[in-house]
Structure formats: structure tokens, C-alpha cells
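Structures follow.
You will see two complexes here that share chain A, one where it goes with chain B and one where it goes with chain C.
On to the complex of A and B.
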């Protein structure tokens, strides 16, 4: 009896254990068979730069919506799960961990600005899912080999590319018009200072006659720029470079208009070309020089116009620079998932993304590339153009050859010890 | 430090005029916000940490009115009145419950108001930045004075701020209502015992403080971008002005605001890397030499 009872008890125990194991395994099995691939996005959805996050989110939703409507990827659909980091790097790291560990996200689209982007980068080093940074423009994120993460990529414009393009364009204008006395007005934080230094480095390289007569550094999110504008009136530069962006740039332009600054000073701006900035400015002066951020007419391709129309219908405003970058990232992810037959392991997806090329209406030529050596995007528009007061707001885009940008980038990497 | 350039600027009429006008432009908006803060503290004895919200609301109300009517006068009135009305509601339903309570409780109520109002603005107006645009009447070339240039809109803005400051001072010091308000600040029990509705007065004074902040926001709307949370940046500088001028002193707020404005304007020429630091250095100096502020009431 006692033996039989023991055997029965053991069977009950084994049966219970098996049932328990099966129950515990169920979510995993269910996850493996799930029709939905969850993609997490830490980004900034509140505060002064919330449009960065809201337009990034809308772009991915638009891209995923189109993919899902077309039948998904082998019958599986893509779902975006976004979290607000409030622009804080510590919060960005926390929500990224939560998205992976608690929300079942198998891929991360990092919609953070640079400060949060580096924090997300380190999380992905620990939890190696596929991560595509879509908004950080700081070059070192992918250029510095010490920061390399095998499953992390950048699908965004990059500071060094813009600096070379800006230097080539600005030096051409300065030589043509004899603009020797330059001043800068950029926000006083890492991006503003680095961006300005890189622009000047290449502008002076191509036109050694350029002389920087003054530099002012208003603090980030300053409400008033009058003291900087009146200083420019005293210094009397012929040209000014500014890395101000967003609402700060809108205030700066409008306040400068009151002093009629721009008829006398040629402005070169890294960020004026973003549609929300252009449309927010009530009196946009003609002839200001700006880097491309996004424009529905450039590159002049039907696919670009279709993206602009589709995004605008969803978001109720024109695409931003962040929007196109996130849209393209979603396209890269979809293509990688197609090639892995839906496998979402970070290493498998990364292997596909290395050197991947996709045809895109947002490419300068035919294709956009995620470069295999440093996991970063090339082939995107880096042109500069001139403002006009009415839509399309920027015209006469002058493209800078990517061959020239890549050559200078290689030299820059050697100088920095990155190559 | 560019002391040579600074000396050159002070010695040159055009530079001097431009930079003094810059100081007044920067200072006068700060004065409006800080005078409201000071008025509320002087009479009610509470620090309105949510004061920046009323600056933001003033700007957004003005923006909405301008979009709807195209009238800058109506926009100014909407900004001032809207902020004042919200201020009265805030005082009656929330702030009045924490008078005399722990400072932390007041801080929490104000912080909650900031978060709620910022979110409401985001829901109603969107998270992206907006700009009202310059009214047609001011879209003119800047006025030349001794070789320096001053935009017409800024002349109007400084004039408005000075006018409002003068009316406020006269109202408090030369009218019966002002006498009652001053009495309320000193002995509210006695004022109540005389049959005056002190709750109404408290709400009115709080509302007036918010009207001043709202007017500043409405005046700023044509030249500064509107974003949810925009009140924070102006609040910090307003606190500096209030501390330098003396908590509760309207003339002190005026003097301090002009000082801060001039510090920023000439600091940008002479100390371009330390302009913000100069403001705090000035505040530190005043706190050491005269802890109650330049024109604040000395405590025994």
C-alpha cells in the first residue's frame, strides 16, 4: 500500500510538475506563435521637444499601418509600443528595459535625442535585441569603435555628414560673395558647440579666408535672443552660422526680423529646413541658407510625395526630419524581418541589416544604405537650399556629392582615432 | 572677458543706446511677471510657484484670440483677462486651502497646477511650438536713435509695461482700495473685523498678480515661441528679480528687472560666456549686502 501510494504520489507529483511546466511554458510558446511582433520605442512625448517624439511615433505608425494593411510579414503584424522618457536619459534607459523585459518587445526603435540615445545604446549592449537609433545625430554614437554594439544601428542623419556638406556649401557661397567676417549663434550645450565647431572646421578648410569674429552661446530653450541679436548689430558680421533648432530658432528669426538683421547678414542654419520651423515662422525672410531636414519636393520623387501626403493625413502636419528617419527605420526593420522569415533575434536581424540597401523615395539617388562597417545610414539628402517666404519654403537645393562627404568623413575618423 | 569691447560699447552712442534698449526690453517683461509674483507674496504671504503657468496661459489665450479675431488689442485683453480668471479660480479652489500650511504643501499644489495646465495646453493647442506673429501695425523698420536701433514693437512693449507698473503703483498707494490691500497685507483679521470681505480681496489680488503675468505672456506672444511648459524659463528669472528687488516690493521689482536686463545686455558684450552667471552673482551680492532685497522691507 505504501509503495503504491508512493508511486501514485510520485505520478501525481510528476504529472503536476509537467502540467506546471507546460503552464509556465505557455506564454513562451504563445509568444513564439504570436501573430504580433511588438516593437518598442522610447522617445520624448512630453515637454518642449515633444514634437520629436510625436512625429517619430506617427511616422512608425504610418509605416507599420501600411505594412499590416498589405498583409503583414508572413501573416504577422507589427505593433508599436511607445513610452515617454520625458527627455531624461535615466528614464530612457528604464523604459527601454521595461519595453524589452515586461512589454514583450523584440525590437527597439530608439526615438531619443542624443542624450537619451546613448543611454538606450548601453541597455541594448546588455539586452541584445535589435535597436535602431532614429534621432541621435551625434557622430560618435556609431563612429567611435569603443561604443560599437553588434545589434545597434543608426538610421538618422549624422553630424559629421552635415558638417562636411555645410562646409562645402557655405564656402562656395562665401567665396562667391566675399563673406569673410563670420559670427555664430548656437545653443550652449554639447550638440550646439560640437555642431558649430565641425561646421566651421570644414567651412574654413574649403575657404581659408573665413574669419570668425565672434561667437555667442544662448542657453538651450532661452525665450529671448535680443541681447545676441543686438550684439550681432555691433559686431557687424557678413555671415552667421546657427545651430539653434525648433522653437528657439523660430524665436531667433522673428526677433531678428524686428531689427532687420538678415538683409545685412547671410544666415546659414543647420535646422531651419525642418517643416515645423518653417511653418511656425510668420515672416520667413527670403534667401536664408539652410540644410535639408525634410521637404516634400526634395528629393523630387513620387514616393517622397506619397510619404509626405500619407504622413500628413495621419499626423495633421508635414513630416519632420525625425519623421522621415523613423519611417525609413521601419522600412529597414520590415525588410530584415522578411529576410529572416520573421525571426526576431537581435543577432539574426543585425546580420541582415549590415550593409542592407533599400530603394527609397528619400534617397538622394536610388538606395539608402545601412553601412556595414559602422552601422550607420548613408545616401540620404544632405543638400542645402535657400528660403522663400511661401510654401515650399526652401528651394534651389544644392546637393553635395556623397563621395566627397565620405572622403572627408574618412579623414575625420582618422583624426579622431576612430579608423 | 571682453572689457575693451565693453568699454568701447559704453563710449559709443549707437552701441550704448542699442544695449540700454535691449536691457529695457528684456527687463520689462520680467518686471510684469515679477511684479505679479511680488504682489501676491506681499499681500497673501505665499510664493506662487505656479506663476509661470499664468504667463504661459496669457500667451496662449492671446494667440487664440488673435487667430480668431486678428485684433492685437483683443489678444492682449484676452491674455490678461484669461490668466486673471484662471488665477482667481486657482486661488479660490486650491491655493486658499493651503494658506498658512506647510511650505511643502503649497509647493505640491503649485507643482500639480503646473503639470495639469501644461498638459491641458498640450491637449488644446498641441505639443508643437506656435507663434502669434507680429501685428501689422508694428511690422515697420526699427527706429534709429543716436545711431542705435530700437524696433517699434519693443518701444510699445516697454511703454506698456511701464504704464502698467505706474497704474499698479498708483492703485496701491493712492486709492482707497490700495489702502485696504495694504492693510490686508499687514493685519487681515482687523480688515475682516471692519466688515470687508477678505476672501474676495485675496482672490482679487491673486487674480491681479496673474493678470500681470498674463499680460507679459500676451506681449511676448508675437516675438517668442509658445510651447507647453514655457512658463518655467521666465519663472526662474522672475524669482531672481523678486529676490533682488525685495519680496513684496513693486518698485523693487522694477529696479531689479531693469538691472537684470542691463546685466544681460552689457554682459553679452563684456562677459559673453558668463551672462547667466552674472545674474546669479548679482543676486548673491544683494543677498549678502542687503538680505531683504534692494527695496524690500527690512526685517528686525
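On to the complex of A and C.
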């Protein structure tokens, strides 16, 4: 009796193992054979920065919904398949491979933050489907020719563009108001330090009178900035630059309000202009300087307002910086698919996307361009504006000419050995 | 001992054949990817279990060696001066040296103090990775991919070959750990786990023994890191963060500490749950927490430990009444795993 039970147990175990392996091996949906074009999105959908992924997803769903309602692309509809990487680069690599190999995704919209973006980039080097990075702002991803991947593009703002724009804007204000004593307060990790160094480099280039009297580096996701604020009160700078972002920036500004820091110090922030940050601050001080992240009133075009309304209806909050970048990426993909008559091979789509221009409500002028030399987006808003306590929270946007940004970018590339 | 070695070699060979046959039977790339992931994290958990299950040393900082293996290997391959085997040997050797230095300090402490100093060293190494941007790429990780030039006719750029290579390395590491598990050294470690004072009284150099297994565990973790670096073609600071160590401890809790392959089973279950739960919901943390809670509260031990105890009970119930001479035999089961 007991022997029989043992044999049965082993059979059940072996059967279960085989069934498990078969389940793992079976693709959930044979997307390639369907009328649907499946587009995969690895992104961060849980944890502290989940809004990065949720707003990216909503933007692509909104764009695909509009395309599908209009009849799709040659009879084929677009479907988004998203996966949570939990902010882990190795998980981002794994889920991207799964999206391509298991879920039949023929195109990838990489909604990862920077380190995850680099991991996805290497997957696409191995599995050459079309990939558009939509959230990584690290310049080297597309600027460094050693990292170039033929089927990978970036449809997002870029660190070097923001640095030049910030430097031009800040130096103009500093000359006008005589702001010579500067301090910085940025998160203590590579992005925070690089972003701050690049901002200062260009600000000093345009206004050599700028002197940095102190720099403080609170740790990432720090809950308390009292130490940094009291240091600023001691040092008494005339202006402060901060690369803090998200919840960290909200905490920093609210705690600074308690010490009445901003009536005496002009704040320049690279990330304050994101609507979720602006609305999270209970008492937003007027007159803080911020880079454009997203604003329904800028660029002042009906298409931008329509995007803001459509996105808000779907996501129940205003678009984020990540949202417009993903929305534009979806538009580029749709245009490329139109031009290839629905062919989804990475090389064919990449050939169409190189140098592609599309009319967009998010363009500073008429068109956004995916530059052919380094597969990156140009022509997007890089303006700086000033805060006001009520919606739309930022106004008086001062555009920075793209010709000036591109000129300085070329010099920067030569310095870095990228050009 | 010789018979045991032959049996282990035979079982290892069967395991390897099974691992190699699976992608042939189910030729789908995602299965291959999934198994490489299980192999890497399974090896990390197995190596940690040399400390937790075998020696009673709960390390919270084991991922430091996982990261060390990945980064040293990745940097050497990006340098382009050495082949893959040489880079692997250098990464393993360098990590062994790192584990020797850290272990020489850590193993002198006991219980929670040991756990926390290992965590402190891990955070120290993680900080170095984040701040030494010129070398490690900081929080962006090693960029530009890890080259995989062919060696001895083996091209790891081919996904199937990479899988086979990982499977062979995995089984070889398991065999090494199995020999330690079953050796007099392994039984000495169990004695240290159960009663260090008695082991010391019997003449065992407890610190040296602990240091030996600490270095071995770190070395094996570095191999896991190399496999992961090869798979994702990069190395990232998250490899050396405390959450990676915590995940390895979860795998051990899930699979069990006393059955040799328990941690690999735990790694398989955790990755399987993670894979499917992530597809269907973004509240994966909640679902995984409930499953782990159910296992911990329901089984009160790892799955493999529970299954082994259940099988032992069934055998005992089915066997004829034991004679007094045989009554002592069950005492050996704990170590037999």
C-alpha cells in the first residue's frame, strides 16, 4: 500500500513538474500572428516612484486608444503590455526579454528610469526590436557612440539640453538681479551630482561673476532637510540651485517654508515644474524658478490642451513630464508603422525613425525631431518659468533657443570625446 | 566518502542532463531566461545557506559578494584584456580575498552582532559602488554591455550556449558545496552551529572554521553574480543592496535550510511566484507576502524541509517496528539532506 502511494506521489510530482515547465514555456498569447501589434513597456509600477510608470502607461494607453478608435494602422490595432520592473535593472532586463520572447511584443517602449534604461538598452542590442527610451534623461545613453544601438531611440528630455537651458536662464536672472553668491542642494547620487555640475558649468560660462559659496548633498529619499536649510540660513546665499525631485523636493520646499528661506534666496529647480510635485506642495511660494517639465498652457497650442484634457480624463491627474514623453513616443511609433505599412521589424522601423519629424502640440515650434545622428529627441520645450501659488502653478515661461542649446551640446560632445 | 562522491557526481550529471534537456523539450527562450535567473539566484541562496543552515551564521550582507563577482567580472571584460575564464577566475579570486578580509572581522562576533556587521560591510561596499562613479558607473551601473568574446570554441553571445554554460557552472558549484556539506568540515560546522562552546572544548578552532565557510560562501555568491552579469550584460548597484540579501534569505526560508537543495527550490518558487504575480497584478508585494506568510505559519519551515520530514514520517509509519539496535538511526536524518 505504502509503495503504491510512493509511486503515485512520484508520478504526481513528475506530472506536476512537466506541467509547470510546459506552462512556463507556453507563450501566453501568440501576438505575432494576431492583428494586434503588441508593444511592451517595462517600467516602475510599484514603490516610491510608481507615478513614473503609471503616468507613462496612461499616456501610451491614451495615444493608442485614439489611434485604435480612428481605425488603427492598416487594420491593425496597437496594444500596450506593461510589466513592473520594481525599479531593479536586472528585473528590467528580464521582463523586457519576457515581453519580446514570451508575450509577442514587437516593439518596446522603455519606461524605465536611467539604470533600468541601460539594462533594457543591452537587451535590445541582443534582441534587435525597435526600442524607444522614454524616461531616461542621462545624456550618455544616446550621446556616447560606444553605447549606440541601431534600433534604440530616446524620446525624452536630456540632461545636457536641460543644463544648457538652465545655465542660460539662470545667468540671465543673476546678471539682472546681481545674484553672485550661489549654493546648491542636490541629492547625493550620480544624477544629482552630474546635473548640478553641468548646471553650474553653463551658468558660470554665461555669468563668470557667479560664485558657489557652499554645496550640500542630502541623501536620496531623505525625510528631513533641516540640516541643509539651516546651513543655507548660515551661509546666506543669494540664489540656490537644486536637483532634488519628486517627494524629496516637496519635503524640502515645505520644510524651507517653515524657515522662510525663499523670500531671501532665489531658488532654481530642475524638477519643480512637474504638476504632481507642484500640486503636492501645500503652500507653493511664488517666484521660484523651475525648468519646464509639463504645463497645459505651454506650449500654448490647442493640441497640447487636448492632450492635457484627454490624459487627465483617463489618469485622473494632470500629465507628468514622463506622460508627454511617452505620448510623443507613441506618436512616433504610429507614424513609423504607417510608413512601413505595418511592418514591425526593428531595422525597418529604425530606418524610418532616423531623422523623423512629426507635428506636435508638445513642440516648441512646429515639429519634434528624432535626430538621425544620435537617435535622440530635439525641439521639445526647455523653457524656464516662475511659480505662482495657484493653477497653472508656473507661468512666464522663457524659451531658450534650440540653436544655442545645440551649439553648446556640440562643444560638450567634443569635450567628452563623443563627437 | 568515495561512494558518496560517486553518487553525488552521478546525481549531478543527471541534474545537468535534465537542465540541458528542458530547453530542448520546451524550446522557448523565456523558459531559458527564467532558468538562468533561477540558477543565479538559486546559487546565491545556496551559498548563503552554507552560513545560515549549516553554520548558524545569519548574514544580512551576502549580496556584497554577489555584486563583487558581477562588477569585477564586468570591469575585466569591458577592459578587453582577458578572456571570459580568466575574468571569471579573477572575479572569484578577488571576491574570496574580499570575503577573507571582511570575514576575519565578522566571524569573531556572534548572533545579531554578526548579522549587523555583515550588513554594515555590505552597505559600505554598496556606497563605494555608488560613489566611485568613474570606475563603477555609480547608480547607473556598468554601461555599454559586457562583451562575451568566444573562448575555446564556446560563444556565450549565443543564448542557448550561454544557458548551457550557466547550467554547467551551476552544477559544478553545487557539487563543490555538496562535498563541503557532507565532509567532516561540514559536520564540524553543524557542531559549531549547535554548540560552539562544546566544539571549542573538543579542540575545534571555531573562528578559523567559520572564516573558512564564510570565504567559501562569498566565493560561490560571486559565481552567482558572474552568471547574472553575463545574463543582463551589466552590473548594477542593486546587486549589492540589502534587499538582494533579504531576497536570498526569503528563498532560504521558503525552500528550507536543512535539505541541501532547499534554497534552490525556494529560489525557483519565489521566482515563479514573482514572474506570474507580476504579470497579473502590481500588488505583487502583497500577494508574495501572503504566500510566504501562509508557508511560514502553515508549514513552520521551508517547503523542502517540510516535504523531507513528511516523507520520513511516512517511511517510519510504513516500516516494521524498529528493533532497539535500529532505534538510533533517525537521529542521522537531520544531517542527511
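Keep this in mind: the second predicted complex is superposed on the first by the 386 of 419 C-alpha atoms of A that agree within 3 Å, B and C clash if a C-alpha of one lies under 4 Å from a C-alpha of the other, contacts with A are read in each partner's own complex, and residues count from 1 in each chain.
Here is the rule we go by: contacts are C-beta pairs under 8 Å (C-beta built on N, C-alpha and C of every residue); 3 or more make two chains touch, one makes a residue touch a chain.
Note that this is a predicted model, so its numbers are computed, not measured.
> Which partner chains sit in contact with A:147 here, chain B, chain C, both or neither? Use first/second/both/neither.
second
> Now for A:368: first (chain B), second (chain C), both, or neither, which partner does it touch?
In the superposition, A:368 touches no partner, neither chain B nor chain C.
> Kindly classify A:323 by the partners it touches after superposition: chain B alone (first), chain C alone (second), both, or neither?
neither
> Is A:168 touching the first partner chain B, the second partner chain C, both, or neither of them?
A:168 contacts neither chain B nor chain C.
> Looking at A:84 after the superposition, I want to know if it touches chain B, chain C, both of them or none. Which is it: first, second, both, neither?
In the superposed model, A:84 contacts chain C only, not chain B.
> State whether A:233 touches chain B only (first), chain C only (second), both chains, or neither.
First partner only.
> I'd like to check the shared interface: which positions of chain A are touched by both chain B and chain C across the two complexes?
45-46, 50
> Which stretch or stretches of chain A touch chain C in the complex?
Interface residues on the chain A side: 2, 5-6, 20-22, 24-28, 45-46, 50, 83-84, 86, 88-90, 93-95, 97-98, 101-102, 114-115, 118-119, 122-123, 125-126, 138, 140, 144, 146-147, 189-191, 193.
> For chain C, which residues are in contact with chain A within the complex?
22, 25-31, 33-34, 37, 130, 133, 137-141, 143-145, 159, 228, 231-234, 236-239, 272, 275, 278-279, 282-285, 314, 317-318
> For the complex, which residues does chain A have touching chain B?
45-48, 50-51, 54, 214-217, 219, 221-224, 226-228, 230-231, 233-234, 246-248, 250-251, 254-255, 257-260, 276, 280-283, 317
> State the interface residues of chain B toward chain A in the complex, per the touch definition above.
The touching residues are 9, 15, 18-19, 21-22, 25-26, 29, 119, 122, 127-134, 139, 141-142, 149, 151, 153-154, 220, 222-225, 227-230, 233-234, 264-265, 267-269, 272-273, 275-276.
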